[in-house]
Structures are given as C-alpha cells and as structure tokens.
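Two complexes come next, and they have one chain in common, subunit A, joined by subunit B in the first and subunit C in the second.
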Partner chain A sequence: MSRPPAAKPPRTQPVRRNIGAVRSSFAPWNDPDATPLVRFEGVTKRFGDHVAVDDISLDIYPGEFFALLGPSGCGKTTLMRMLAGFESLDAGRITLAGVDLAGAPPHQRPVNMMFQSYALFPHLTVEQNIAFGLKQEGMGKKDIAARVAEMLALVKLEAFARRKPDQLSGGQKQRVALARAIARKPRMLLLDEPLGALDKKLREETQFELMDLQVELGVTFLIVTHDQEEAMVMADRIAVMRDGRIVQIGRPEEVYEAPSSRYVAEFLGDVNLFETRVEAIDHPMAHLDLAEASTGFYVLDDDCPAPGSTVWLAVRPEKMRISLDAPPAGEKNVLAGEIWDIGYTGDWTNYIVELPGGRLVRVAQANARRFVDRPIGWDDKVWVSFDPDAGVVLTS
Partner chain B sequence: MNRGPSWFNLVSLTLGFAFLYLPIVLLVVWSFNASRLVTVWGGFSTKWYAALLQDQQLLDAAWVTLRIGLMSATAATVLGTLAAIALVRGGRFRGRTLFSGMVYAPLVMPEVIMGLSLLLLFVAMGFARGFWTVMLAHTTFTLSYVAVVVHSRLITFDRLLEEAAQDLGCTPTQSFLQVTLPNIFPAVLAGWTLAFTLSLDDLVIASFASGPGATTLPMRIYSQVRLGVTPEINAVCTILIAVVAVGIICWSLAMKWRVAGAARLAAA
Partner chain C sequence: MRRARSPAALLPGLWLAIFFAFPFLLVLRLSLSDTALAIPPYTPRIDWSAGIEGLKAFFAALDVEMYRRLGEDRLYFDAYVSSLQFAATGTILALLVGYPMAYGMAKCRPGTRSVLLMLVILPFWTSFLIRVYAWIGILKPQGLLNAFLGLIGIEPLDLLYTPAAVQIGLVYSYLPFMVLPLYAALERLDHTLLEAAADLGSPPWKSFWQVTWPLSIPGVIAGCLLCFIPMVGEFIIPDLLGGPGSLMIGRAIWMEFFANRDWPFASAVAIVLLVTLVLPIVLYQRQQAKALEAGR
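Right after this comes the complex of A and B.
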C-alpha cells in the first residue's frame, strides 16, 4: 500500500540495447593495459585474535559493477568499510586511481556509501538529505537546488521532496539513500546490502534499476551482499569470500558453472556433490568410480587429477534429468533411485531422489508444460541422468 | 464489558492526586487570603502579591536564583552532554566503569555531604563564597542529571548516521554538530530544563556554598519561614509553581504539535 505505484520507468529502446552491448563486451580485467580504479594489495584486518580480512589483493576497474559475496562474518563488509575509511588497515594498502588512501579520513575519500540501514538523517527532509553532501562541498545554493532536483527526478521521488524519512516506505527510503550517495558524483559507489530490507518483488525491480543507473552514470559500483541471486543478476564480476579470503573471482556464469571448490559450488545455488575416485583418464573423458552408479561417471577431463586421486563431482540439479523410464542400456551417468520428496514451486519442481545407498540427489525440472500424462509421484522408481559436460570435477 | 474506571481505580486515583496536590492547593489558596493570619480565612485578596513587589530582598533573591539557574543549567548541560558522549562513545577506555560510577554518584549522594564537601573545597582553595560558588556547586550537582538524560538518548542514537555524514564530507566535529546534536537535542533541552528546575529549588547545597550577598530564593524563603509563615511567602511560592507549570505545559504542547504535525504530513 505504501509502495510507489508502477515503479518501473518506461525505458527507451536505445538505452536498453546500449546496456546489453556495454555489458557483454566489458571485460577490462582481461586487458593487461587496463588500469584498475581501486587496488587492494595484501589488505589485512584483525579484530583481536580474529582475522576479519586476510591478505586480500583485488583490482576493481572503472565502470565495473563488482560484488563481494559471502556469508555473514566472511569479512566482506569490513573490506568495504576499509575502502570507505571507517576501518583502519593492519597490513597492505588500498589505492584509488593510483593514490594511496592511507591516512585519508572518510570525508576526504572520493567514494560514497549507501548504508544497509540507509542511515537517512531523521531530522532532515528528503531534499535536505540529498543536499547534505553537496553542502559540505561548499556548492552554491542554486547549484545544490538544481542537483537535488536532478537526483529526485532520477529516483522518481519529486513528490516526496519535503517529507521526513519516517514518512517514507522502505523502497522510498532506499531511493533517497541512493540519491544521497550519488549526488556528489563519487568515483565509486559502495552499496552495503542495498536491497536487503526490500520485499522480493521490489528487490527484483530495484536490481534492474540499479544496473541501468550504473551504466547511465558510468560510476563504478562495489556491492556487498550475502544474496547470491542479487550478486549474479547485477554484477559484472563476483568475488566469493570465505573467512576473510577471496576464494574465487569471476563473471557470474564462471563462478556458477565453473566453481573452483566445493565451497563456491555449494554457496552459489544448489549442487549435488559426489565424492569419487578417478578410475581412468581417456582424453577428453575421465572415468570416475561411484558405487551408486552402475556404470560409473564419464565426464570431461578438464582439470582432472591423475587416476587414483579422490575428487568431487559437482552436478547442478537443473542439469540433471529425471525419468520414469529406464534409459537405454549402455547409457552413461545414470543413477537409479526412488523419489524421496517433491517440492513444487510452480515454475520448477525439485525432486529429492534417494539412491540405494541412502544418499539423496536433488534434481530440478522446469515445468514447461501445464499437464503431463504421468506425473512423477512419491515413492516412484526413477532414473536420474546427466550429460558428460554437466558436471565439474573439484579437487578441494 | 465495563470500560469505565472501576470504583477502586477512581478512589485510588483521587487519593493519590490528593496526596500530591492538596498541600500545593492549600498553599495557593492561602496566598489569596486577605488575613495576615495563615490559618484564618479573611476573604479573597491579591494584596500579598502587590506587597511582594515592594519586598526588595525577596526580589533580589529571585533575581540571583534566576541568574544562577540559567548559568548553572547551561554549564551543566554542556558538561553533562560531554560526559554522556564520553561514556557512550569512549569505548572501553581504562577506568570507564569508575568514571560512569563517579558521574552518577551525585544522584544518590546526600545533598548535605555534597554541600559540605563543596564548602570544604571552596574554603581550601580560598574562593570567596558568593554568587559564583553557588553557580559552580549547582553546575556540579545538576551535571549528573543532564548526563543521565542525554546518555539514555545517545545509546539509542544510530552511530551509522555519523558515519553517513562523514561519508558525505563532514569532519567528525561537523557530523556531530550537524547530525548528532540536532537528533539528541530534545534530550539536551530536557536535561537543561531539569538542571534549571533543580537549581531553582535547591536549598541545602546553596546554603553551604553561598556567602554574603548571594541569597537564593529558597534560602530567603526558608529564613523567612523560620520567623513565621507569612502570606507573602505563599504568594511567592504560588508564582514559582505557576512559572514551572507554564513551562511544563508549553513543553508538552510543543511536543504534541510536533507529533501531530508529523502525523498530518504522513497522512497527506
């Protein structure tokens, strides 16, 4: 009821195409001549005995939408707060556009932060909140008014300019916080769990708005989130963090489809992990041994260690097929089992299949049709299979 | 279901209010007594109020009290607010518990002891006792009250607001002045009002710290009462009550308007 009606703006076609083009060809991290905007070099932060950020080195390029993703307590927020100047460094250094930020207090750094709780000033109106940072810069009254009007139009809050924060809905507060943070045209915008307090629908809308805005403004965004979907939808690159370290950096599809470890595979989405042994390597295929699979697994041998080693095969539930009919004899990568549980979500159905040894396998199937002749039910005998390129062999 | 107050509630309410306000009502009523005898009603009159204006000693005392109240309340508000900030923001500095205990000790310390210790200090330091010593003494004992009031507001104040201000270009000092102070201001003002009121009606500490030429109104009233209660005293007390009551009514009305204004805006 308090949500702004029809928040989605009518976007013109050229802008949309432009964003797509920019997105797909944007990869400065692969360009050896590109200079990063922000460099973290061996950055470490300790709180007592606890190492919150452990020797992190990371480059973020101009115009990038970068996400720090990890569970709570992994050090992602601390890393961002160090960039904003709210936490000191115990080791290493952070440079922005080649300038070492050491010793620069928060108010002198050309970055602005959007706080998780928004941190709007309750005693000021919406327009005063947005004007706050501009006033500190010593900008003239007329220029401030013009810039505030521009910002209000950008976040579509013109009608709410004279309200106080406690008279706004959650979504409106989020927009004010955003407008206030970008009003000063920072080199970099830091967003701490920016959508965490919004409901699901609004969150999805806002994700796309943030992406459009980022391209429009050309500002580098660094977002901290524990929500993998948020990171995957919005970010150009994701750094997955664990215990103060970065475990993998890559495009969303890289970290999802080619996770470097079981931790990353499990943190991003659902995954079935099979602990197996490498039986033989017959390039380009590897043969993995597994008790539950009568014929074993045949998968691509990318990064597969020598025969005899213990590995984990990671297969995403949506890359598995489920069938009531036995596959043709000789078919590889087949598991026989019984339906243990069915989770119907409308667009997808999640089947939990129990293998003879008691192990559970999760299979997700898109409900592409409204009706099927023989739906899979509880306790049905089923066959689960996947393609040789569906799985990823992990060694850690 | 009976939604009105029960007999028991009505009776206990009446008794409670009677207990609190009967003496005050009596005092107010007697102040309009035409008779000089305090216990004999001689008809309605305002002559004692007119007589007050002729009583130079009483007027002087009132002026001294007012000046001491304004100055000590202001000083106590500044110091008490700083103490509260140190307690909330200082982190775990050495002796923090001791410090907070010492800030709040005057709240429970007997006034006689405070007055006596201040007197000893002033004598030891060779301070000529008078207006300034009373002012200092009042600052000392009302500071704790301000600290308590401001402290309770500060712990609920979101520190992120200060970080946001610094992120937007404020130095720590600017962010305090532009963001923290406006937000805790009601508490600071409440602390000031409390300090002012406490200073206004303090007798014990003022008697210890005062010297020649610095008689406060409570001291004056007390010394006159020892010679017998006069209707003039009742009149001056009635005026004091009126001043305090008007202040409190203004304050609560202002708060009400602010809340109502916010609600109206939200509804619009």
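Right after this comes the complex of A and C.
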C-alpha cells in the first residue's frame, strides 16, 4: 500500500482588510455624480527653462480639506498661487464652480489665502486687519463690526482687537491671518504652510482647530505644506508632488500604506526598502529573493510584476517585529542581524539593525509597557520579522 | 537694574556737546549781546581778570534787546513767513516729484535700482554752488529752457530772478533728500502685503492708498523734514536765482552778519529761526511717542 501523499501544510491565507486605521464616509471623489469645486486641467507654469508646474490635472470637491504635499521647489506653492491669481498659466485652465478663472485678477476671485508670513498689515490693528476684506466689498459699518466681532470670537482674540500685529505672539498672528482670510466667507480657503512658524505643541493644537473650523464653516480648504504629519492629520486627500507633477493622490491612509512609488514611500514617514527579484508568483502570494533573508520574502502579490523582474519591497519600521529569540525554522520574512543603534523617543523606540551584508534596517516598537523582561541592548543578536501583508511591492 | 554706562555711550553726548551745544550757546550768547564798534563787533565780553565779579558783570549786561528789535521790525516777520512759504511749497513739490521717482526705483530690478540710486547721488559730487549757477544758464531769458520752448513754439518765460526760479532751485537742490528716505521706506515694503490686499479684494490703485502710502509715511516725514528745514534757512538759492522780491530769512541773516556787521542781531534772527523749526519737530515726536504708548 502506498501512503497517501502528505497533505500540503495549510497555508495561512492573509485576510485582506481595509487600508488604514480611519473610517470615513466622506469621499466625493469616488462619486461619479459629484461636481468638483475647483478643476485644474493640464495646468503648466514655466519660469524660464524651469517647469515649475507640469501639466497638472486635479479636481477638488466642495467641503474637502485637500493638501498639496512635497519638498520645497516641487511646485505646490506655485499651483496654489495660480488659483489665487498671483501667477499666470502657461497652459491649461483652472475653473472654480464651473467658471474659468482666466483673466480674473486676484481681487476678483472668490478665494482667500492665508499667507505663510501671515502678511498682516502692520499699520492696522487686529480688527482693522480682519475688516480689510469686508471694507473692499462695500459692506456697511455695522455689518462689518458684527462680522469682525464674530471672527474675533471664533479665533478667541476678543481681548486683542486693538493691538497692532507687532504686539502679538506668533500663534496670535496666525489666528488673525486666519480670521482675516475667512471673514469674507470665501468659496475656498488657501493655506500656504499655515503652521510652519509655530512651535510643535501649538502646531498640534492648531491642526485640530483648523479641522474643526473647516467642518464648522463648511468651506473647502486647500493647504500647501512640506510637513507630512500636518497633511496626514488634517487632509481628506493628499496630493504628493515632485518636480512639478503629482505622483500620487489619495486619502492619507492610502498614500501612507499603499504608496505608488519609492519616492512617496520615502517622503511620507520612514521606510525600509529592499531591492529584490521576483522569484515566483503563487497567487495570492509572491516569493521575493533576497540575499540577507535565507528563506526569501513571502508577500501579497498585489501589482507584482512577472517573475524575474526587479522590484522594491517597502516595509514600514512600525510593521516589523524585533526579537531576541530565533523564530521557528521555516518561517518566512525573517532577517537576522545585530543591533547597531537604538533611539528611544519615549512613545517609540527605534532599533537600527545591521544585517550581515552591512545593510541597516529600521524597526520601530511602541513602548506599550513600562516594564520589559528582556530589554534589547547594543550589539545584541536579534531577529527581525514581518507579516506577509506588511510590505508593499513597488516597481518604480 | 541700573545699567552700567560704557565710555562708548558717552561719545554721542560728547560729540553733541562739541558740535552742537557749544556753537549754539555761542550764538545764543551773541544774540543776547549788544552791537558795538569793536573787533569782534559786540559787547559785553567776559573780563576774566576780574574773576567772579567779571562773570557777574557779564551776565548782568546780557539782555533781550535784539529780540525786541526783531519783533518791532515788520521786515523780519515777513522774511520768516516768506521763507516758511517757500520751504513749504518746495517740500510739497519735492514730495510730488520725489514720491513717484522713489516708487519707480523701488519697483525696479535690484541691478537697475543701484544704477538709479547712483544717479540720484551723483549730483552731490559737483559743487552745490556750480549746480545753482547752472540753473541761471537754464532759466535766463536766452537760456536753455527758452531755447527749447522756442523750438516747440511756446512763448519764452521770464523766470530768472523771480520767486518761481527760487522755487525751482529749491526743489532741484533738495530732491535727493526727499527721494532717498522715500526709497528706503518703499524698498522695505513687503510685497506680500500687496498680494494680501489684492487677495482680500482690493484693486491695485486702492491697495496703494490702503497699504503702500500709509506704510511709507515714516519715509515721507523723514524726507519732508530733511527738505523743509534746510530750505527755510537756504541762502545761496534765493541769492543767486531770486530777485529783490524773494526775501528769505537765510539771506537776511547773511546781510545782517556780513553787510551790516550786526552779529548780535543776526544771531537773534538765527535763534528765532531755530526755535520755530525745532518746536514743531519736538511736538510731533512727543505725540508719536504718546500714540505708541496708547497702542500698548
């Protein structure tokens, strides 16, 4: 009698869940019937030989908090200034609520901007600054006074109404600039690096205040920032920009957890990138070959190209585990190495692990417990592992 | 905490004492003296050999007679008024000419700016006297101006030795003192403030009056003071370009001092001029300081 063939060991099928930790029902960009408030269509801007904005098309929907994110010089500010009317277009068009903005000078556009430097009028008091835009509309004195009082209450600066800007702190100036920009009830508020000049604590507070304010006012916000945390906390959608182009648009969770390229993965947060070769595809899994990992990598085959192609596996440090004990033999996605450096930040500990070939891998662990049985120390031999769905396969 | 005074902090005080207070006291003392046929032509003089008694006698002999004389003579009052008028008109004209000039310069590219700035300063490298003489050549009946007017078919103007010539000379000579502070104020102006104004619905011409002009006021005040004060006491321009009708106080002082050799009287005229000029400035500064405090 022949023995029945040994049953294949049951493969742990990873369960696919939703991306990210946040559930949001607001997604007009997925609704084919929704009309965008602002449409950029093939917008291009050149400064001499330099193409600052390169053929960008983008829709922003009413009520959205949209962030343009990128390093300095990526064209994000230029794109916003084109919407405000401070830069002309070399090609393409911008429409707001269906109306082409071409030819409308800045003072006739129904958008208001909060400048990075705040640009408060130094010769006017806080209330006069806030009233400035209302005066231009020819609003009556009584109505202006009422609206200014309302704005001062909104930004909690009633006590500072008669101060001049140079008698205010940075945070107060920021609030005055905000109040001045929203006093006219614009269709859209443009914020150019609004929190850049504030210290960390104040910045976090203000982020939540801006979000509350946006919901309260129902105004569409477009924010330009180079600070990924700022964009992720506040925005409904983020457009990551590079060299005048948008490289990825999506909800913060999508952009962070499913980056489309190494550039996006590296720009948002920390990431470990492994250059590997696709060994085999065994749907829904893909085997990747890597010298440092004895058993290779075993990951989801989403968007994975055919065997033989070179790909990059991106794994975020917080999605990796670190252990002083060797994992059971045969386990996939395991890297052995030595602790090279440790960075303790209080809430997190960052372990830098050196692999045999000299490559460094970063692992982040939340310090969920105050007491640890076996703390990890310098030069300890450790094993780093991650789940099959922790990494993203990138082709560019 | 009391701040320790460093010797360097004393320097401005020392300089002011040597170059301002001491000459002023000399002039003040002269103005309280009497005219005398002597060398130098005034009395009393301190008799140092008599010690304290000599000093006492000196102070007892000082009086305000010169000021009384000044108040009685209508000519000097008229000269003051006409000087103030010339200076006020000249300052306003210089502002009207200088503001657009400074504004245009501040709008230029940095390279062009420094060239234009150089051109504004360049005339200082030639003698002031020669430049005023040059205006005689321009304004005289057969001068450059009338030759040009003849070319385009306009009746010649008889400007030289009229108040108009003095006015032209004043504006020309003091224009750089107006342009430079205005330029400094306008060049500092943050361009994003104008963008903010536009963003808040203000068309460009309104932004000028709502933002640019109020923020350039310190430059306007500095320029006006720098023009007005020396214009009031100006002596060469009315002497060379003005006729007998263009009476200015600077010229009156010169006449009293050199032609009449009446040093005490000339000094009294000068002191009154100084007080009329300094008083408004002091009042303005005090009011500014108060406004600043009220804002705190």
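Assume the second predicted complex is superposed on the first by the 373 of 396 C-alpha atoms of A that agree within 3 Å, B and C clash if a C-alpha of one lies under 4 Å from a C-alpha of the other, contacts with A are read in each partner's own complex, and residues count from 1 in each chain.
The rule is simple: a residue touches a chain if its C-beta (ideal position, glycine included) is under 8 Å from a C-beta of that chain, and two chains touch if they have at least 3 such contacts.
What you are looking at is a predicted structure, and each value in this text was computed from that prediction instead of being measured.
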Combined model on subunit A where subunit B meets subunit C, clash or fit: clash
Touched partner set for A:A84, first subunit B, second subunit C, both or neither: both
Touching partner for A:F115 - first (subunit B), second (subunit C), both, neither: both
Subunit B versus subunit C as contact partner of A:G133, first or second or both or neither: both
Which superposed partner A:R203 touches (first subunit B, second subunit C, both, neither): neither
Subunit B versus subunit C as contact partner of A:Q167, first or second or both or neither: both
First (subunit B), second (subunit C), both or neither touched by A:H287: neither
Interface residues of subunit A shared between complexes with subunit B and subunit C: 84-86, 105-107, 111-113, 115, 117, 119-123, 132-133, 136-137, 163-164, 167, 180-181, 184
Complex interface listing, subunit A residues touching subunit B: 84-86, 105-107, 111-113, 115, 117, 119-123, 132-133, 136-137, 163-164, 166-167, 180-181, 184
Of all residues in subunit A, those that touch subunit C in their complex: 84-86, 105-108, 111-113, 115, 117, 119-123, 132-133, 136-137, 162-164, 167, 180-181, 184
Residue ranges of subunit C touching subunit A (in the complex, touch as defined): 190, 192-193, 195-204, 206, 210-211, 214-215, 295-296
In the complex, subunit B residues that touch subunit A: 158, 160-161, 163-172, 174, 178-179, 182-183, 262, 265-266
